[in-house]
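Heads up, the next two complexes both have chain A, just with different partners, chain B and then chain C.
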Partner chain A sequence: MKLTPYLAFAKKSFLNRSAYRFNHFMGILNTLVRIFIFWCIYRALYGERNEVDGITMAMVTTNFVLSIGMDALFSINDYYLPNRIGNGSIATELLLPISFKGRMLFENLGNTLFQLIFHFAPALVVCVVTVGVLPPVSFGCFLLFIISAVLGYGVLWNLSFLLQTFSFWLLNMWSLMTIKNVFLNVLSGSMIPLWFMPDWMAPVMNLLPFSSIYFTPVQIYLGQLSAKEIGTKFLVQMLWIGVLYLCGNVFWKKGKKKLVVQGG
Partner chain B sequence: MSFIEVTNVSKRFRINKRAGGIPGMIANMFVPKYEYKQAVDGISFSIEEGEMIGFIGPNGAGKSTTIKMLSGILCPDSGSIKVGGYTPYKDRKKYVGNIGVVFGQKSQLQWDLPVIDSFELLKAIYRIPEELYQKNLNRFTEMLQMESFLYQPVRQLSLGQRMRADIVAALLHSPKIVFFDEPTIGVDVVGKETIRQFIRELNETDNITMIFTTHDMQDIEKVCDRLIIIDKGSKVYDGELSGIREKFGTTRQLDVEFTQECEIEPVENVQVIPLDNRKKRFVFENRDVKIDELMNELLTKYSIRDINISEPEIESLIRKIYNGEVS
Partner chain C sequence: MLSFEHVRKFIFSDFSLHIPRGAAVGLIGPSGAGKTTLLRLACGMLAPETGEVYTLQKNPVEKRSVLRPRIGCLLERMPVLEESVSVLDNLKNLQIVHRMSDKEFEAEYSVLADAFGIREFEHSTVQGISFGQRRRAELAAVLLHQPELLLLDEPTNGLDENAKQALQKVLKERVQQGMTLVFSSHNMKEVSDICNRIILLEQGKLLYYGEESTLLRKYAPMDSMRLKIAGNIPDMEDLPLEKYVVEGDELVLTYNSNHITASEILEELLKQTSVREVSIQKPDLADVIFEIKGGRNNK
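Right after this comes the complex of A and B.
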């Protein structure tokens, strides 16, 4: 697989993003408002206390800033494939001599790079100044955090791709994606930090991929995991990537075979 | 073996059929009913390299389905397709580098970016060498007069401009085969002419095999050498454009203007339609009536000012074929 055409796609989606500036600024505002609302709620819940169950308000804030920030950063378009199947343009796109999945990934990466520079970075600066964010415990942890965040991205991308391939059979994907997003919000820690989840939820969370996406990187960032635990978590993340990737591939191949192009 | 070889290809689709209204919707949720539609039913044809084929048929005849199978998007249920040694749906990634497709109704340009950016992207996708890219780009933009809008975002182009840009996009990598699916749809008369001329010229100079689907008979008459007509999934005609007249165009009409009003004696096998006081139209089948004999008879019997013989137009013939009036 030669990279040049795929990098061209990454560049294209990067450039595409600059077409609608107003939309972009509203996006940053949206991220900041989300973080601010959660900060206010937990500020009120904490009241006069400094910590609950050993978790300080600063840790909770950091969790929100990082996981909502990562959510905005990854910004995977859940309707990339469904839209193309729905309006039939997948036909023209399968006519290009490149891998469709590779193209999809790189278009998203181009977008993510744009988000990193023009969305995540400014939003992070605003958060550091206003609500305050803890620094990473050490430089090593910061590096591991980045690796883990990249793996988290892999899990989320493959999960989204797997669900998107269902659109070969289902014409309306909205309900499925909404269910996914509810699970993602609740079980990934971007709405309720997973420290506060009841104990009986632990096995459920361990069996599902969601906590690998945002919460594992956050835990590493905050230095909550030992070296051994970090190793295990990395393995779990990679295992999820593998499983979701294989399932996605099976459905992708089957779907392509039965492809009936709508509206043509 | 020919360049494109299609043998006995069939394809059918499963269509979800539901009864109307709320009861129908609920019934459909639990017991979906399907029916099958035979889109393509045992079609065979072969095409040589460099040919310019008009591929036509009424809506729903299976044109698009056939084109999609030829371009490797759809997989036929049975039969085989060989194009230049490839099996399109199996060797998709290798195969599609050799073809170009223009869908008149779907653009492959990037909506928000200037035309030139889309071209640059295609250059990267098809790995077009810089030299070839520049050569093709300059040549095509000049031929289609595109210099003025090369740097405008696609969403601001007029339909005619967009279509020209789309055609260039399909040709940048010097494909061996190009499929045009209604490339002149919604384009004005001048624009259509530019597009037709460009296609014609390119076919002659570059020996590109072209397959052309359209509903515009002018396109076909001006561009294509050979015509394949399909209807209800099967081939009904395959041959030269002029052959259609020979095969289906058996009626002739003769418009005669007499010098004065007169009664016409009935002639065997000829239908006489009065047009106005002094003009009459004689309609007859070629095989029943010899035109020279009929004219002779008219000339000797009546005094005639003007005679006009006309052949049926291709368009009306094709309409007849679609309606199933001729076979």
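Right after this comes the complex of A and C.
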């Protein structure tokens, strides 16, 4: 697969984002408001205590800043495929000499790069100055955090793509995507840090991919995992990417076949 | 090059034909005849239940990735432009998709933009332009990469006369350069002007595939000749005419062109009288469709 056209689409997607400045600033404000609200809630819950079950307020704040920041960074368009199936243009796009999935991924990567530079970075600076963010435990942990965040992105992208392929059979995707987003918010640690989840939830969370998206990178950043545990978590993340990719591919192929049998 | 062998899909049954490279084929027939379905089979967006379809000598469903750069198609309910993006950006996206250099794109875009008058709305989003403008932009989009095979389904819907003329000119040029064209339309004059072969479908059956003149002889053989005569009314009893009408100094003759030619009639009449003016009216493709519909209604 030659990368040139895909990189061109990533570049185009990056440049297109800069055209909507008001929307962009509102996006940063939204991220900051979300972080601030959660910070206020947990500040009130912590009260005078320095830590709860060994988790300090600074760790909770860092968890919110990083996971909500990554949420803004990995802004995947859950309706990329459903919209094209809805208006019929998927048939035309499948006739173009470029991989549909490749274009979809690279357009999102261009968007993510824009978000990293112009959304995540300024929001992080504001958070460091206002609510305070813990530094990474070590430079090594920071590098491993970046690798884990990239793997988390892979899990989220493949999860979104798998769900999007259901639009070949479903007319309305809103409810499915809403359920996914609720699970994502609750089980990825971006709303409730997973340290505070009851013990009986642990096996449930282990069976689902959500904790691999934001919480694993945060744990690595805060130095909560040993080298062995980091290796295991990486394997779990890669396993989820593999499983979701394979499932997504099965449904994608079945969906395309349905389109060809029944007409575009 | 396209070939269809024993295709069976929804309405088609025992359907076989072969379209050679460089042909300009008009796909005609009443509504519901299967024109769009045939085009969808050709571009690989439909798979036949039995039988085989080959597009540019390849299975269009299995070899879609190989065929994709070589085909252009504009079909019903298959939008080729993104609604929220400007016309020019849409075409630039296709430049990326087809891996065209800036120079190639500029050269091709310049020709198509001038032909279809796109420049006046190139910066407007697709959702903000009229249906006719959208259709012009869509035509530019499917022609941009100079496809070897172009499949068009009712491409002149929504086009004004200037744009129709421009499309005809562009298509004729491309066919001369070797492009194969399959073009469905209800406008028989367009089909007649652009295409050198005709596929006539009716309810999924291939009624005819070949040259237009042969089709006309088969389905609409009745020609009409109007003559202004200067002398006596000639005796026409021995001529195999369908009918003749005398209107003052004018004669209106209706005859089957398979049984007698215009020159044979004239030769006979000139033996008996002098003729001041002659005009011959030949049936067109619209008459063929009318004949078929009439036949179906009579059944």
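What we mean here is this: the second predicted complex is superposed on the first by the 259 of 264 C-alpha atoms of A that agree within 3 Å, B and C clash if a C-alpha of one lies under 4 Å from a C-alpha of the other, contacts with A are read in each partner's own complex, and residues count from 1 in each chain.
Quick note on the criterion: a residue touches a chain if its C-beta (ideal position, glycine included) is under 8 Å from a C-beta of that chain, and two chains touch if they have at least 3 such contacts.
Predicted model only: the values in this text are computed from it and were never measured.
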| item | value |
| --- | --- |
| Joint occupancy of chain A by chain B and chain C, clash or fit | clash |
| Touching partner for A:M191 - first (chain B), second (chain C), both, neither | neither |
| More chain A residues in contact - chain B or chain C | B |
| Chain B versus chain C as contact partner of A:A58, first or second or both or neither | neither |
| Which superposed partner A:V243 touches (first chain B, second chain C, both, neither) | neither |
| Which of chain B and chain C A:A91 touches, first, second, both or neither | both |
| Partner chain(s) touched by A:I28 [first = chain B, second = chain C, both, neither] | neither |
| Touching partner for A:A19 - first (chain B), second (chain C), both, neither | first |
| Contacts of A:T4 with chain B and chain C, given as first, second, both or neither | both |
| Touching partner for A:V137 - first (chain B), second (chain C), both, neither | neither |
| Chain B region in steric overlap with chain C, selected from 25-33, 259-267, 277-285 or 295-303 | 295-303 |
| Footprint overlap on chain A, comparing chain B with chain C | 2, 4-5, 8-9, 12, 88-89, 91-92, 94-98, 259-261, 264 |
| Chain C residues touching chain A - in the complex, by the definition given at the top | 37, 40, 43-47, 61, 64-65, 68-69, 71, 73, 75, 77-80, 82-83, 93-94, 96-99 |
| Interface residues, chain A side, partner chain C - complex | 2, 4-5, 8-9, 12, 87-89, 91-92, 94-98, 259-261, 263-264 |
| Chain B-touching residues of chain A, taken from the complex the two chains share | 2, 4-5, 7-9, 12, 15-16, 19-20, 88-89, 91-99, 257, 259-261, 264 |
| Interfacial residue positions of chain B with respect to chain A in the complex | 13, 64, 68, 71-75, 92-94, 96-97, 99, 101, 103, 105-106, 108, 110, 112-113, 117, 120-121, 124-127, 153 |
